[in-house]
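Submitted below is the structure of interest, expressed as structure tokens.
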Amino acid sequence: MERSEFVARLDEELETAAYADVDASANGLQVGSLEGEVESAAFAVDAVEATVEEAVERDADVLVTHHGVVWGGLDRVTGRSYERIAPLVENDIALYVSHLPLDGHQELGNAAGIADLFDLGNRAPFGSLGPEYVGTQGLLPEALAADEVKNVLEDALDTGPGSVRVLDFGPDELEQLAVLTGSGTDWLDEAVDAGADALVTGEGKGKVYHEAREAGITVFLAGHYATETFGVESLQALAGDWGVETTFVDHPTGL
Amino acid sequence: MERSEFVARLDEELETAAYADVDASANGLQVGSLEGEVESAAFAVDAVEATVEEAVERDADVLVTHHGVVWGGLDRVTGRSYERIAPLVENDIALYVSHLPLDGHQELGNAAGIADLFDLGNRAPFGSLGPEYVGTQGLLPEALAADEVKNVLEDALDTGPGSVRVLDFGPDELEQLAVLTGSGTDWLDEAVDAGADALVTGEGKGKVYHEAREAGITVFLAGHYATETFGVESLQALAGDWGVETTFVDHPTGL
Amino acid sequence: MERSEFVARLDEELETAAYADVDASANGLQVGSLEGEVESAAFAVDAVEATVEEAVERDADVLVTHHGVVWGGLDRVTGRSYERIAPLVENDIALYVSHLPLDGHQELGNAAGIADLFDLGNRAPFGSLGPEYVGTQGLLPEALAADEVKNVLEDALDTGPGSVRVLDFGPDELEQLAVLTGSGTDWLDEAVDAGADALVTGEGKGKVYHEAREAGITVFLAGHYATETFGVESLQALAGDWGVETTFVDHPTGL
Amino acid sequence: MERSEFVARLDEELETAAYADVDASANGLQVGSLEGEVESAAFAVDAVEATVEEAVERDADVLVTHHGVVWGGLDRVTGRSYERIAPLVENDIALYVSHLPLDGHQELGNAAGIADLFDLGNRAPFGSLGPEYVGTQGLLPEALAADEVKNVLEDALDTGPGSVRVLDFGPDELEQLAVLTGSGTDWLDEAVDAGADALVTGEGKGKVYHEAREAGITVFLAGHYATETFGVESLQALAGDWGVETTFVDHPTGL
Amino acid sequence: MERSEFVARLDEELETAAYADVDASANGLQVGSLEGEVESAAFAVDAVEATVEEAVERDADVLVTHHGVVWGGLDRVTGRSYERIAPLVENDIALYVSHLPLDGHQELGNAAGIADLFDLGNRAPFGSLGPEYVGTQGLLPEALAADEVKNVLEDALDTGPGSVRVLDFGPDELEQLAVLTGSGTDWLDEAVDAGADALVTGEGKGKVYHEAREAGITVFLAGHYATETFGVESLQALAGDWGVETTFVDHPTGL
Amino acid sequence: MERSEFVARLDEELETAAYADVDASANGLQVGSLEGEVESAAFAVDAVEATVEEAVERDADVLVTHHGVVWGGLDRVTGRSYERIAPLVENDIALYVSHLPLDGHQELGNAAGIADLFDLGNRAPFGSLGPEYVGTQGLLPEALAADEVKNVLEDALDTGPGSVRVLDFGPDELEQLAVLTGSGTDWLDEAVDAGADALVTGEGKGKVYHEAREAGITVFLAGHYATETFGVESLQALAGDWGVETTFVDHPTGL
């Protein structure tokens, strides 16, 4: 497939343009030329030295990630930025990034992946950011205790026992979950207003403890990385359907 | 002691005015009247419902905290803000807050407390924020491995084994430590530039993993709450010296 | 009636949400909890120490005012703010504020009240502020001289002879009035463009004298307080209809 | 005297440049050419149609005012602006404006003129605005009651009985006065902090009533125009000393 | 014709109001009164001392220009501004300005005039600025070489041989032209995206050379003045149709 | 020489840090790693595809330019940016940029080079931008006519007869020259205020014609590129003195 075609299909599927005003990430093609072919595509959560080097190793023509190398403009192509970008350029690997568009996609996105884990019903967009959404919400098929939710997460995310932190301030039986992967605790109040019993997210600053306690909602902190592999894996499957050879570059951070 | 005197002494000791332009927290007297006496003072890391209620319980005249109830202006005194403020007002407890001034104090502050733990020598201010500093740095009396530093922290902070996360990307032997409690990973590059082998802080967003890896520096995430009890405890000791009856309201968050 | 119901009814009637972007005042519930009942409601133009103390005296559950205690965010709950807020909190009185929504309401509002005094016909919204209006305009049933208008105002507002200042630069016979209570002289040019013969407002800075003189329009300065009792009195009547016991806390300022 | 010399002398005496960043008024030469002579100079508080026409009548070469025709930039030279500027241009009258520099001048300024009325001692600058001051403060030779201060003002300003409004919330005996002419009530708290018993100013919005009441300070509202003739009269005297023929265009507004 | 009628007709024809938010120029009546008649109207590209003096010479009642005397607000009416404005005021000549509305008008505008020169077909608006357009685009009746386009421009603009600079980086045969008069090189990328073979504009900063070279598009720099006489000449014709006596004040700048 | 040493020496010589707040260009090392050696350095006015490719051709380790590839932050490394940056990265060529620091350097800078051409005496910094200067000024050894100045420029800049445009509105005999290369016409008024008879610059927008005419100052537009080779040539000589092999990549634009 031609690169320009590959980029255009992803932009359309992910509605990249709709998020231009609300995302500090430059989504879409972020590094590289539109010229050339895509025979092999690598997928990763983060575009960093480690994953870029692995993409080189695996002979990828394009690297698709959730977190890119440009946030709000690059002052210089030096230091850390150079080390991440140079191997891409030297090996003619295009970098395609989808940050909030991938968080918000109600079928392919990160939150949608967590929702699938729990087989949530009655789904609706959650996590408003301007006119867009960056999460999802829904009802558990049957009520679960906080520990049960925790176990499902630790098993599915494969992060090991004790890796998911629980702020257990909600009801004993959890029915409605709000999901916003990565750093989602800024939407705690929206979760409460939406009637959620718990918020499932990746990480949170210390202040979320008392906010959850005072609001009477349970919060699951399941890891920024661990909650954000779903989106890029969905895109990997999509690209596979298009006939592109794909590979997933896994590099968990434990955070 | 008169309240106005109590507030004036703390403002002078902490150089509250110097941080006015760099801190979103309204430092100094944040809630209450300057009228009245201070016979008993409570100290806590966070001014939240739980600690405020405990201060009421303990009959405090003033509550001194690191994190207050106003960040960048209060739109309304309703909801969560009301629940935190109302008990203070109803029981005539003044709330005195010192956020960055207490982080940055080179003797009484949070980072200074961590530095004392390790008996750091050759200390210098670290963590520049405009013209001020919010951390400290220094040399270990003898080089330590990352695991040894971790053990010291877990013991001293009393957070239990496994509670301190280590991103072990620095040299095997750590000699120079940069310390910035709470959320300090935005100063990672400054730590590298300062020649530090490791940064000791409380919490960090997921992206710090690769930043540390690529910079070749070790990072200790020892908990936001756990790293920030030192400052208010120093103030407690100070108030005790002034003849005020004091009490520490401990409410660890695990974050 | 439950407090939450009381607040919700007023928010709906006054279209509080529509003014969120154009008003520095935090309209709606400004201080207090949504929990509890409203048996007795006090109404006043200003939420200040004097009126709050009187509301306490009269055992109100809620105080409804046109001017609140928060304008563009409260830095601290100390000093003047504390003195106004503390008695509300200590006596569990909720403060409900409606600033521009109440100015602009075409039936219950302050300008509407003045329009009613003169029995203005052919009414239309006046005083645009973004997409909203904060005043009203209309035709006198029969043309009046400036002195006659002045007398009506002094009688109705009960502010005594000589209390209304007249900048008599319009036509001898006034037919069309624009009304914008409080500080309305910034809309002088809009009044001229709308064809008004006179602008009725509360107060004006010195420069309005020459602006009116050069524009050939008459201006009545009838007092900020005196022109702004109508709105809260309308709300008082409304609450009475809902079965709430009501009381009006009058505290004229002479300004 | 040459116009350029006249302008340069005033700019130097008034330190026009120092106020460039804190004043929305374009101080110094505001309309006209630097070419030509100044034989006759008119002085007025406001540069408006009425005073400009009178300056034409009196054959002035320059008009010196406290309030000019440009505030924060002129969008067009049409309408009201045109009516004020055109007669100046048609009759080759230069307009020299001194707003805050004239308020703040500790000898020639407006506040200084009021201070002279009361023979204030121990004077100091008052009314900080960035690095500059726009008022003055000092001690009465002997304590006066509010009524006595009021009488002095009404007599000296020649505005007639009842023209000065008094918010009599300070001590019975007034000793220290803060003076800031025109619209000075934004500096009420600074007056309280400075230990003043009363603030003398020209006009104030309605909210100053309760602010003064709660702060326990007396406020005199003596008229914007009436309190701001002193500065331009000082400049008139100065120009007279330079040998320029001078005239004062008085146009009281009653506000 | 009455002045107010003359101004209203132009405002309507040019959709002046639509450009208010995107143009630093104060379009519409910029200097003068709406009172009086328009018997004779002068037209020029620039409202400057030379053209204003010539308009005086020719006894015009109004001067219509593309570039006015106010850009983003006038700080003072002194110096260069005074020299341009004073003769207008002294001779009661109104200044009517139409900057971007005249650039963007698809029939009367500057770009439309260039499009007419080449008899462009399939025309569409070009040069987006917020919601408006300030240029036009279309197809040449038959493909031309760059030299042929250059010759047409030099002949029609009457600027002499060698006056049009060509950055000849596009195809040998030019078919689609984008036109944006004056300083149009900021829209180079939009021209490329629109499929244009060449951009015709007035002037460009040095950096346009490499931008055009790298984008493979030809750029014609035909002079800011020379490309912007079309619009005012269209307005001259229009006014002539209304029965107004007209004259064109030509003052080429060579730039 | 090590790259880090090469960069450090230039930063010190050019006082790069002093211009950080006034220049949209990211000065200093703009692309590349600090690792490695500098044996051969290329110098050019612009960092664009053409010059970068030539630097590759000539086996340079570093390319030093006046205009870089980043202006106010790079959104993406794609399209034009990619085409300029990729060859640098692929061939491990560092890009060192000095924009305003090089304009303003009073000995090595662009304006200094023009001043040397004319052997200007009594030199002083010219062209203030915040606290810095970006040009120079001085006196001709003997007065020259505008044509003589033009001839000197055309000869020295080697741009051919007719290439320098003269706006000949100053005195017949030019004595004092203000020089600000590139786009310097925004400093026209500063040149007049400084007493200059003429301003020598590279290019100017059309409006400079009337500004110069009305101010009575002569302006020479000698080409943006042509006036800005001096600075990088000075740096080339400097690097040669350090023992680095150097080459100048000339690519005139005619603009």
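Read from first to last, the chains carry the letters A, B, C, D, E and F; within each, the first residue is number 1.
We adopt the following convention: a residue touches a chain if its C-beta (ideal position, glycine included) is under 8 Å from a C-beta of that chain, and two chains touch if they have at least 3 such contacts.
Computed from a prediction, not measured in an experiment: that's the story for all the values here.
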Looking at E-F, A-B or A-F, which pair matches B-C on over half of its contact pairs by residue number?
A-F
How many angstrom lie between the centres of chain D and chain F, each centre taken as the mean Cα position?
50
Whole-Å distance, chain D centre to chain E centre, using C-alpha means?
46
Quick check on chain C: which residues sit in contact with 2+ other chains?
83
Drawing the touching chains as a network, do you get a line, a ring, a star, a complete graph or other?
ring
Moving around the ring in the sense set by going from chain C to chain D, list every chain once.
C, D, E, F, A, B
In the complex, go through chain C and note every residue touching chain B.
26, 28-34, 70, 72-78, 82-83, 85-86, 89-90
For the complex, which residues does chain C have touching chain D?
46, 48-50, 67, 80, 83-84, 162, 165, 182-183, 202-211, 213-215, 223-225, 253-255
